[in-house]
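Two complexes come next, and they have one chain in common, chain A, joined by chain B in the first and chain C in the second.
This part shows the complex of A and B:
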C-alpha cells in the first residue's frame, strides 16, 4: 500500500520521485554490491518456480481435508507432529506446507494480472496525454485526479461486495484501480521524449503517429515502465492479501496467503505459527520484488535518460 | 491568481461529483437496499412497500441528486442497520480515528527524524546501515501481519497490552505502532537526504567557521531547514493513515471510522459506506486544492502555466 498521491506536487514531480534511485541506493551498493538486486531476482525466481511446480513440490493436495489430523504442529515442536506434514496442518487438517506452496500461485497471479491490466490502462492514458498534450492532457489529468481522490481500499471492498468475492473480481478491481502511477510516470516521460530530436525528425519525415509512438517513443519509456511495474506488483500483492484477510477478497478454500491469515486468526493463542508462516511468505515476496525494483531503477537511470 | 483559484476549485468540485456519483452507483449495484432493510424473511409485498417508501423504485440519477443535495448540508440519511443518523454515527467515531492517525504520525516522526539525522551525520556508519535495514524491511512488511504478530507477542505471550477495544490509552499503543511504522521508511529517507544536503551547504560551513558549537549548528541551523519537507510529507501520510486505519481498527476492534466502514460493508449498510467514501475523498480533494493554491501563491509562475 505504497503512496502515490501527494497533494501540492505536480505529476512531473511525482513521476520524478518514483524513478529516482532511493537515497540509500549508493549506500546499499557499497554494502551489498549488486547483491541485493541479485538476491531479489533469485528469491522471485525461486517463488516463481515454486508456484509453477506446485503440483510436484507440494506433498499433499492443498484442498484435501483430514479431520483426524487437525492442527498438527510443525516439525520444530515436541508433541503432536507428523512426518507427513512438516509444517503441520490447519483447522480442517489440510497440509500447511502444500497450502503455502500453492499460495504462491495466487499471489503471483494477482500480482502479474493486476500489473498487466493497470499497466495497459495507465500506459495508454499516460502516453496519450504526454504525446498529444493540450485537451487530451487535460482530460487525462482529470481522470487521474479523480482516481487519486478515491480511497482505493474502501472502494475496492465495496466493489468486491457489489460483484461478488472471487479471484477474478479481485484482479479486475485492483487492475482498474492501480493504474495511477503508470499514467503519471508515462505521461511525464513521454512528454520529455516527444521533444527529442529524432522524434521530431520522424514527425518531419511524415511517419504516422502510431508508428512514432510504437517505434520512437516506446523504447524510451520501457525502462521506467518496468520500474513502475515492480512497484505496482508489490502493491497489488499486499492489497489482495489485506482484502482477503478481511474477507473481501479471494474466498475459501483457495489457498491465498491473506485468506490463510484470516482463517488462522482464531488459533492465534495455541497455533501462532499458522499466522507467522503465510505472513512471512508475503513479506519475503514483497521484499524480493522491492529489492529487484530498486536495482532495476539504478540500471534504468545509469543508462541516462 | 484569482482565475487560477477559480479554475482549480471548479475542477476539485467536478472531481467530487464524479467520485460521489461512482460510489453511489457502485453501492447501489452491491445490494438491494430494500432487501437489506426488510431482512431475509420479508415477503415480496413488504419489500415492494419499502422500495416505494424509500423511493428506491425511482431512476438512480434522481436518487443520486437527492442524496448529493442532502449530503452537501451534512445530512447523509439514516443507517439501514442501526437506524441512527449517519452523521451522528460518524461524528461519534471520527475522534478515535483522528487520535489514532495523529498518534501514528507522531510515532513515525519520533522514530524517523532522530534515526535520519544520526544516519546523515555519519553516512555509512553502523547507525546508517541500521537505518537502511529498517527502511528496506519496513517497506515490505505487510501492516496487518505486523499487527497480528505484535498481538501474539505483546498481547498473548507477554500480556503487556490489551489486544482489543478502545477503553484506555493502552489500547492505542499497538494500533499506533502498527499504523505508524509504515510511514517511517519514507520519512526517514527524506530526513536523511535533506540533512545530508543541508549539512553540505554554504551557510552551514559559515556557521561552523564562525565557531558555533556543533549542537547549535546541527539543531538550530540544519535540522530546522531539513525538517520542513518532512513535515509536509507527514501531513500527506496522515491522509494515507486514514485509509490504513480500516485494517488496523478492524484487527484491534478499535471502533473508529475504519472499523465502522468495515462493519457497514459487512451489513450492506449503504448510507454509511457512501458517507465515509465521500468524506475521505473530500478530505483528499480539499488537501490537494489547498496545497496547490498555497504553491501558486508562493510561486506565481504556476498559475500561468
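This part shows the complex of A and C:
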C-alpha cells in the first residue's frame, strides 16, 4: 500500500502500466487477428448494404416483365446479350441483377425475423429452465423434446397449405420452430452461471430474481447466444430457400433466391447461369454468416476468463 | 473465563434445522437429508467465531441459512436479538454479508470493479451516482486497492486483489456481521496472510463480527475468539479458541487437530484414526453419529446420542466428555 514515486511518472501512470491491457484493447486485437470473422463480417455487410440500398443499386424494377427481351444471356456470353441487363433476364424478361439484389432483402428479412422470434422463445425457455431448475426444467425439457420430435419441414409445408403461402406465414412457422437450439444452449450455460458465487453474492445482497437473471446472468451468456443466433439465421435462410423452391414459401413474383432457383429449373441445361447465380448468392450469404458466427465464438468466448 | 451470556450476540441461531428431500432415483421417492440438525450457535458482537468441519458437514448450508438464502426447516435465526422471521431479503442483507472462497467466481466478469462494489448501494437505493463513486473510492482505500482499479475488470486483477474487491463489496453497506467462507483457501500462500491481516484490521476499524468458516485450523486459531466444530449437521464442540485448541473435549476435534500437517519433514503424514469413510448423511449412524469413526468409542455411544455437556464456557457433545469433567 506504500506508493513508490518514480520521477516523472504519476502513480496513476504506473498503475496504468502495471495493469493488464483493458479487455477492449484485447478484444480489438482478437477481432483484427481473426480473418474468417472479418471476411464473414465484410460479406454480410456488403449483402446487407445491397438489401438496404436495393432501389438505388438495381438498374430495373425487379417485377417489370419484358417479353421482347426474355432469356437474355449475361455479359460473359458472346451472343444475345444486352448492356441494359448485365446479368441477363429470366423467362419473362425481368432483369436478373435487379431480382438478385431485391432477393437479398427477402433472405435477410427471413433470417433476421426468424432469428428474433425463435431467439426470444428459446432464450426465455432455456434461461427459465436453467435458472429455476426442478419442475420448470422438467416442463421445458418436455417442450423441447416435443418440438424435436416434429419435423420442421413437414410442419412448415402443412402450415403453408393450411394458412396459405406468404412471407408472413414462412417467418412465423420458421420462428416458432427453430428455437430448440437456443433453448438447449441457453439452458446449459445458464445452469453453469447460476451456481457461480457472483450469483450467490447478488442474492445475498438482496437482488430480486429478475434482476439477477437480466443483469448478472444474461451478460455472461450473450456471447453464446449470438453464436447460436448466427447459426440459426443461416439455417432459416436455407429453409426459406428450400420451401420457396418447392413452392411452399414465398410466392411469385416476389424476388426470392429460392423461388428464382425454382423458376430456373426448366432452363437448367440451356441457361445454367439462371440457377448458378441465385445459388451462388445463397451460398455466399450462408457461408459468410457461418464464418461470422464461428469467428464470433473465438472472438467473444475468451478462454479462461 | 468470561460468561458468554454477558456479551450481546450479533448473530444467534436457535435450534436451526434444515432438511432437504433427496430424490433416490426414478420412481423411488424421496428421502429426507438433514444437512443441519438443531444447531444453536451464538456469535458475540465484535468477536470472531470459527466454524470448522470437514466437507459435507453442513457448514455451507448453515452459512446459506444465516445469509437468508435458504429458509431453515425449523428453528430461528436472530440478528442482534431480532428474529429473522419478519425480515425480507434486503433486511437480512443490510445486517450480514458474505465473502466467498473463490474470488475468481465471486466477481461477475462482465462488470467493472466500480459497478461490482457499488452494486449493494444501487440495490438498496442509497444515495445517488456521485455519492456512489465517492463511497467506492473510500472503500477501495480501506481495503488497500488503488482507486484506479475501479475502472478495471476482474480479469485484470490478481487473486488477492479480487478478494479485496469482494471484501469491499461486502463492507460497503457497513453490515454488522460478515460470513467469511474460506476467505483465503483459494489464494496463494503469500497473499493469504495479507488478506487475513486486512480482515483483522477491518474488524477493529469497523467493529465487525465475523463468522469464519475454514478448513485451515491455523487460520482459525489465529483469528477466532471462539471455535465451533461441526460434524454431520451438529455442532459437536464449541468454546473459546485457546480452550478448544489446548484441551479438545470431543474426539473428532482431537482428530482434526492431530491431522494438521507440520513443516517438520521427519514426521510422516499424521494418522487421524478417522478412516476414510464419511457416513452417508441420508442414513446417519445410530447413537452418537461419530461413533463408527471414533477411536474411543464405548458401547453407550452406539445406541444413545449424547447430550451437549456444558463445562463453563466450553460445550462438547460426547459421553466421554461427561466423564472427563467429573
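Assorted remarks:
Definition applied: the second predicted complex is superposed on the first by the 269 of 305 C-alpha atoms of A that agree within 3 Å, B and C clash if a C-alpha of one lies under 4 Å from a C-alpha of the other, contacts with A are read in each partner's own complex, and residues count from 1 in each chain.
Please note the rule applied: contacts are C-beta pairs under 8 Å (C-beta built on N, C-alpha and C of every residue); 3 or more make two chains touch, one makes a residue touch a chain.
Owing to the predicted nature of the structure, the values given are computational and were not obtained by experimental measurement.
When both complexes are overlaid on chain A, the residue A:161 reaches chain B alone and has no touch with chain C. When the two complexes are overlaid on their common chain A, residue A:67 makes contact with neither chain B nor chain C. Contact with chain C, but none with chain B, is seen for A:220 once the two complexes are overlaid on the shared chain. Looking at the shared chain after the overlay, A:287 reaches chain B, while chain C stays out of its contact range.
Within the superposed three-chain model, A:238 lies in touch with chain B and out of touch with chain C [touch as defined at top]. Residue by residue along chain A, chain B and chain C are tallied for touches, and B comes out ahead. In the overlay built on the shared chain, the residue A:203 is in contact with chain C alone; chain B does not reach it. Contact with neither chain B nor chain C is seen for A:79 once the two complexes are overlaid on the shared chain. Residues common to the contacts of chain A with chain B and with chain C across the two structures: 1, 22-23. Every residue of chain C that touches chain A in the complex is listed here, in rising order: 67-69, 88-90, 92-94, 96-98, 100-102, 105-111, 119-120, 123-124, 144, 146, 148-149, 152-153, 155-156, 166, 169, 173. On the side of chain B, the complex with chain A involves touching residues 11, 14-16, 18-19, 22-23, 26-27, 29-31, 123-124, 128-129, 132, 135-137, 139-145, 148-149, 151-152, 156, 182, 186, 189, 192-193, 196, 232-233, 236-237, 239-240, 242-244, 246-247, 250, 261-262, 265-266, 268, 273, 276-277, 280-281, 284-285, 287-288, 290-292, 294-295.
On chain A, the positions that touch chain B within their shared complex are 1-3, 5-9, 22-24, 27-28, 30-31, 142, 145-146, 148-155, 157-159, 161-163, 234, 238, 241-242, 245-248, 261, 265, 268-269, 272, 275-276, 279, 282-283, 286-287, 290-291. Of all residues in chain A, only 1, 11-12, 15-16, 19-20, 22-23, 196-198, 200-207, 211, 216, 219-220, 305 touch chain C in the complex they form.
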